[in-house]
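Please go over the structures that come below.
In what follows, subunit A forms one complex with subunit B and a second complex with subunit C.
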Partner chain A sequence: MEKSSSKYGIKDLGKRLLLSEYFVLYLTVIYILILTPFIPRIFHPWNLKNLMSNTWPLLAVALGQTFVLIIAGIDLSQTSVMALSSVVGAMIMTSGVDAVLFEKSPMWGIMLSENGGLLAGSPLAVPVAIIAMLAVGLLIGLWNGISVAHFRMPPFIVTLVSMMLFSAVAIFLPKSENIRNLPDSYIGISKTTFGFFSVSMVISLGLAVTAHILLSRTLYGRRLYATGVNMKASRISGVPTKRVIITAYMISSVCAVVAAILYSSRLEMGRPTLGSTLLLDIVGANIIGGISLAGGKGKISWTFFGVFFFIILANTLNLLNLSFYLIDIVKGLVIMVAALLDVTRNRIQRTQL
Partner chain B sequence: MGEILFEYRRVSKSFFGIKALNNVSFEIERGQILGLIGENGAGKSTLMNIMGGVLRPDEGGMILKGEPYTPATPAHAAASGIEFIHQELNLFTNLSVAENIAINRFPRRGSSPFINKSLLLKETQLFLESLQMNFSPSTLVEHLSPGERQLVEIAKALSTNADILLFDEPTTSLTAKETENLFRILKRLQEEGKSIVYISHILGDVRDIADEVVILRDGQVMGGGPMADFPINRMISLMVGREIDNIFPVKTVTPTEETVLEVQGLGETGMVRDINLRVNKGEIVGMFGLMGSGRTEFARMVFGVDPYGEGTILLKGKELPRLDPGASIGGGIAFITENRREEGLLMDYPILDNISLVSLPEYSAPLTRIVDNRKLYNKASEIAASLRLKSADIRTQSAKSLSGGNQQKVVIGKWLLQDPSLLIMDEPTRGIDVGAKYEVYLIMNQLAERGSGVLFISSEVEELMGVCDRIVVWSRGEIIREFSRPDFALEDIMRAAFRQGIESDLQREVPANEI
Partner chain C sequence: MKRVLVLIALAALLLPTVLVAGGQKDSDQITIAFCFQDLETEFWVAGHKAITETLRAKGIKVIEKNANEDANRQLEQVKDALTQGVDGVIIIPQDGESAVTIAKACNEAGVPIGVFNRPPSDRSAKNIVVVANNEVIAEAAVEHMAQEAMKLGRKVTPAIMVGDLGDPNAVGRRQGFFNVIAKYPELWASAPVEIPTKWDANVALANLQSAMQANPDIDFLFTSSDFLFPVIKSVLAPLGKWQKVGHPNHVILGGLDGDKTACSLLKDGYLDATGVQNLFAEAEMMLDAMLSAIERGDKMPNQWLDDPGFALTQANLAKREMEMWGCKLLANE
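Right after this comes the complex of A and B.
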């Protein structure tokens, strides 16, 4: 008798853990505890710093994806937004490029010259560049949003096309060259720290907190969830569903721009292929966090845990000296398991009713 | 006394601490048609779901053919000879009638994986003929009317040789003729020795078809026995726990001369033609017509969810913009659609989120647009209480878990938060019980008293005659006749809807080839 009751206790605990919205967080903690004896370097200050600086940009871009996933959409074009905005920003603020490399750029003589970008050396260079980057994001988001909401095209196709199109533009403009010599103040965004805190952290966490409030407390958040779960009923209840959808895609792109700023300032260059390998991480982190692809379900804290888990996973696999390919294989399997867990959780929740 | 085939023994079941079934016992004999009636939320569906293996009882059990019966899954229940014909149809619309009926056991060519299509069609043809259903087995289900689909669902259940068939509101989407046909089939099945549980809100149907009746209220059996002992009045009083002398509330307010809605020359090719209609303050206007006569389409155009080709819609004298539900709501229109599942509710979300959806802007701060949750919750609770909504915590219980009548109350509650000046209700009482219907009528009256206009669409003439000041009759996209309260006569209204006796008047205005 005693034996069976303790068995049920464990089963119940397992179920409760699985159903908890902090499941991914628990999983991460357990994962770290298991691996610590094998790779004690995890807690080395240098590695912790590395972990953090990898987390912030990914968090920024993954947050944006969350908004689109909630309305049962997907934004594959975030990586192209990152690439194009980093190139456009750099073309405005760089203080000098190599004529040999850039002569053939369609922007040569218009925005770029041997003396640098449009506003090279001007104190306004950085703010104008950032505004221009945000504008690029807003426009691509608007393009995606209008295609989905007004022309009723499937989000997958719309953003797949945007991904191809704007990635190509990002490569075409600088003729596939990286644009270096960015102003110090721009590079400082990712380099400035105050002890434990860094500017990237403040920007990214600030964005997360804003997104959290937007989703959980505001009119827009309520309408976003409602649109995601039943668009017809929302429309009849006076929710401006088209505007809600377009705004979600614009938020997604703007978040990608914020990530682009963090990445490009860290790399000290505008890069035509920025973020091109990141798509799996962005969507994967959301799915691991528990954001449903079917729409209507998700929270910023879940995205945060998902990103954190993904970063720890990649970092530990790196520390284990696994090859690049092996790391991707493991990442792929983990996303697979996450999707499976999501389905299982839903099933358990349904039978518990 | 026939052989007892199935028995419920002291079955109880709770959800979220609310008792849905309390100590229910009754039995079903072989070859019997048992009517099961009760208000929404009385526990009928829960009881059927327990028999069908979807839910497990908390206490008590069941006996099937003398043996204890504990189905673990619906498949198990089906294998035991119990088939469930659901209220919502579970057909594959992209497959043919034959494929739907044979979905679990396609005839093969020998032992190969290939389907013997000609045999499938031939067998289904014979089977359908034996049921006197005359549609081709190769027709795709998406090309069938709702009534025909219901018949396919029934044929599918019958094809498995079940002993007990559970029908949950089978006639709501059937025409009178299809209903008659269904009853003939039920009678024949009864003669073949099958037992049938027939759940319906249409008490007249239950009286006509059932041998015995069981009445549920609040999860308990209130009475039961041979049909002859239960005239309709007695069934109603047992169901609702009080005598209802009049099933329609008395309307205390008379319409004013002030116009709320004025529609001029509204038209859309293939939908409606030259519609002129006026609804005054305090007036309840009924719209009657057959399915597809244009009344629903008209309502959707007025509210701004569907486009129209010509005409003007004036709300309190101001022209309404097209295709802008937001503007209609801002102007004070409330719209309760005929399909609450698809267009009325966020099924998985809590009741509170559903009730508050329309009014969120009024409860969010001016600049930050942060929603005042406490104020919203207080107001929504008030509305829920005034609607006598049966639920646990409205912040956590999902709309999905409510009964049909309570779901409808949530949809209505969502609009009451707005204090509308024009309420459009499309079939608001479909599939809900007598008590909930009465409450819906009461709400219309209260709104009329407060000076709102009400546009009430229904396929039941009796209820329109019971609550409306005026009834307009639709046919083929036009309003062809209007009746004011003193002239209400059931037969005249029906005749108008079927265009009998007015065809000749009409030909003066419309060329015959367009009719």
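Right after this comes the complex of A and C.
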């Protein structure tokens, strides 16, 4: 009798853990504790600094993806937004480029010259470049949103096409060259720290708090979830679903731009291929966090936990010095397990209703 | 009691961390992180093998990281390696620009860094750079091709398959080609056709096909890397232009790297010349410079080591074949 009650106790605990919104956080803590004896340097100050600096840009871009996943969409174009906005921003603020490399760029003589970008050396260069980057993001988000909401095109196809199209534009503009010599004040965005705190941390956490308030405390947030759960019912109930969808894609793109700012200032250059390999990390972090691909479910805290777990996973796989052949296999398997857990959680929740 | 046990277990788990965070090094063995951008071509595979095997043979622990052509990932990998207290870092960077950013991170951490075969785009960071003199090597190979063209007694239509110009190696190779073009202005029927490849076989294939359609007279072709020869063959063969030296439809062909494919093509008579990077010597130069910096405690060594290279041609093939790394690998198969 006692044995069976303890069995049920463990089962209940397992269920409660699985359904808890802190499930991924618990998992991360357990994972760290298990690995700590094998990776003693995990809490080394340098490593903590690395973990933080790797977390903030990925968090920024993953937050945007969360909005789109909640409405049962997906945004594959975020990486192209990152690439294109980083190139456009760099073309405005760079203080000098090599003519041999750039003279074939269609922007040569218009935005670029041997003396640098459009506003090279001007105190307005950085703010104008950032505004231009945000404008690029908003326009691509608008394009995606209108295609999905008004033309009823599948989000997967729309954003896949956007990814191809805008990645190609990002490569075409500088003829695939990286644009260096960015102003110190721009590079400082990812390099300035105040002890444990950094500017990128403030930016990403600020974005996360804003997103959290938007999702949990506003009418727009409620409409977003409603659209994700059942678009038809929402529309009949008076939710302006088209506007909600368009805004979600625009937010997604703006978040990608914020990530582009953090990544490009960290790499000290505008890169036409910036973020091209990040898609797995962005979507993977959201899925691991518990954001449902079916839509209607997700919280900013989950995205944060997912991103943090993903970063810890990548970091520990590096520190374990696993063969490079194995690292992506492990990452892929972890995302697979996370998706499986998501299905299990949904099933348990349905049976409890 | 339970809480005490949990606390003891946690303390035991965290003990190694506390020791390391307190500054203790994991072991006295020299550890070098070797971070490469990818292993797409024969050249990089052979370079990777040469470096890792030589290091391990010297009793050095090697931590390997593959960035899969992502500069940001490579930066993160290098930073992760630095936290492990490595004694040195050797990178094959994605491009010259990211090499600078990564080298600066190593300079900041006080760990010597070596940049192998793909030089930084500027000299603002301190690093050991081992690089082939691409301009000189390319010029030597194209010079031989030009001499062959002169024997035809007519003008030829030149073309170059250009690498990713964000890579200083590609810039040097292009410059070497154009030095020869400028040297013999009477030899060319038209200005050279530039075919972008971005160091990508698919891009190269599409652009070479288009170039051959637009300029069917191309009969003098230099590829900035030997790994593109299979692509060239697949485009020229259907046009009847994949012919041996001496055939009326032979396209005078040159490359650069010195890989196994180039060696086979030279021996079979399809290739006129290839510029050779002395890969094994480059690996040796890098390791010697890195180990010497570690030994003398130099945390920011700043050396630029040139591999002069040479051109292996139909004329000197018999004599210098075994100086080319691709031929050595071929002979060992």
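Simple rule for what comes next: the second predicted complex is superposed on the first by the 350 of 353 C-alpha atoms of A that agree within 3 Å, B and C clash if a C-alpha of one lies under 4 Å from a C-alpha of the other, contacts with A are read in each partner's own complex, and residues count from 1 in each chain.
Please note the rule applied: a residue touches a chain if its C-beta (ideal position, glycine included) is under 8 Å from a C-beta of that chain, and two chains touch if they have at least 3 such contacts.
Please read these numbers as outputs of a predicted model, since none were measured by experiment.
A.B. asks: Give one word, clash or fit, describing how subunit B and subunit C relate on subunit A after superposing.
C.D. replies: Here the two partners, once superposed via subunit A, fit next to each other without clashing.
A.B. asks: Looking at the overlay, does A:P37 come into contact with subunit B only (first), subunit C only (second), both, or neither?
C.D. replies: Only subunit C; A:P37 stays clear of subunit B.
A.B. asks: What's your read, subunit B or subunit C touching more residues of subunit A?
C.D. replies: Subunit A has more residues touched by C than by the other partner.
A.B. asks: Should A:R180 be classified as contacting the first partner (subunit B), the second (subunit C), both, or neither?
C.D. replies: Touch partner of A:R180: subunit C, not subunit B.
A.B. asks: Once the two complexes are overlaid, how big is the angle at subunit A between subunit B and subunit C (Cα centres, nearest 10°)?
C.D. replies: 140
A.B. asks: Taking the superposed arrangement, what is the smallest distance in Å from a C-alpha atom of subunit B to one of subunit C?
C.D. replies: 35 Å.
A.B. asks: Quick one: in the complex, what on subunit C touches subunit A?
C.D. replies: Residues of subunit C touching subunit A: 10, 13-14, 16-21, 26, 63-66, 68-73, 75-77, 79-85, 95, 97-98, 100-101, 109, 121-122, 164-166, 171, 196, 198.
A.B. asks: Show which residues of subunit A lie in contact with subunit C when the two form their complex.
C.D. replies: 33, 36-37, 40-47, 50, 53-54, 100-101, 175-178, 180, 263, 266-269, 271, 273-278, 314-315, 318-319, 321, 323-324, 328
A.B. asks: Can you list the subunit A residues touching subunit B in their complex?
C.D. replies: It comes out as residues 213, 217-220, 222-223, 225-226, 229-230, 232-240, 296, 353.
A.B. asks: Using the touch rule from the top, collect the residues of subunit B that touch subunit A in their complex.
C.D. replies: 15, 303, 305, 325-326, 328-330, 335, 337, 342-349, 353, 356-358, 360-361, 364, 368-371, 401, 414
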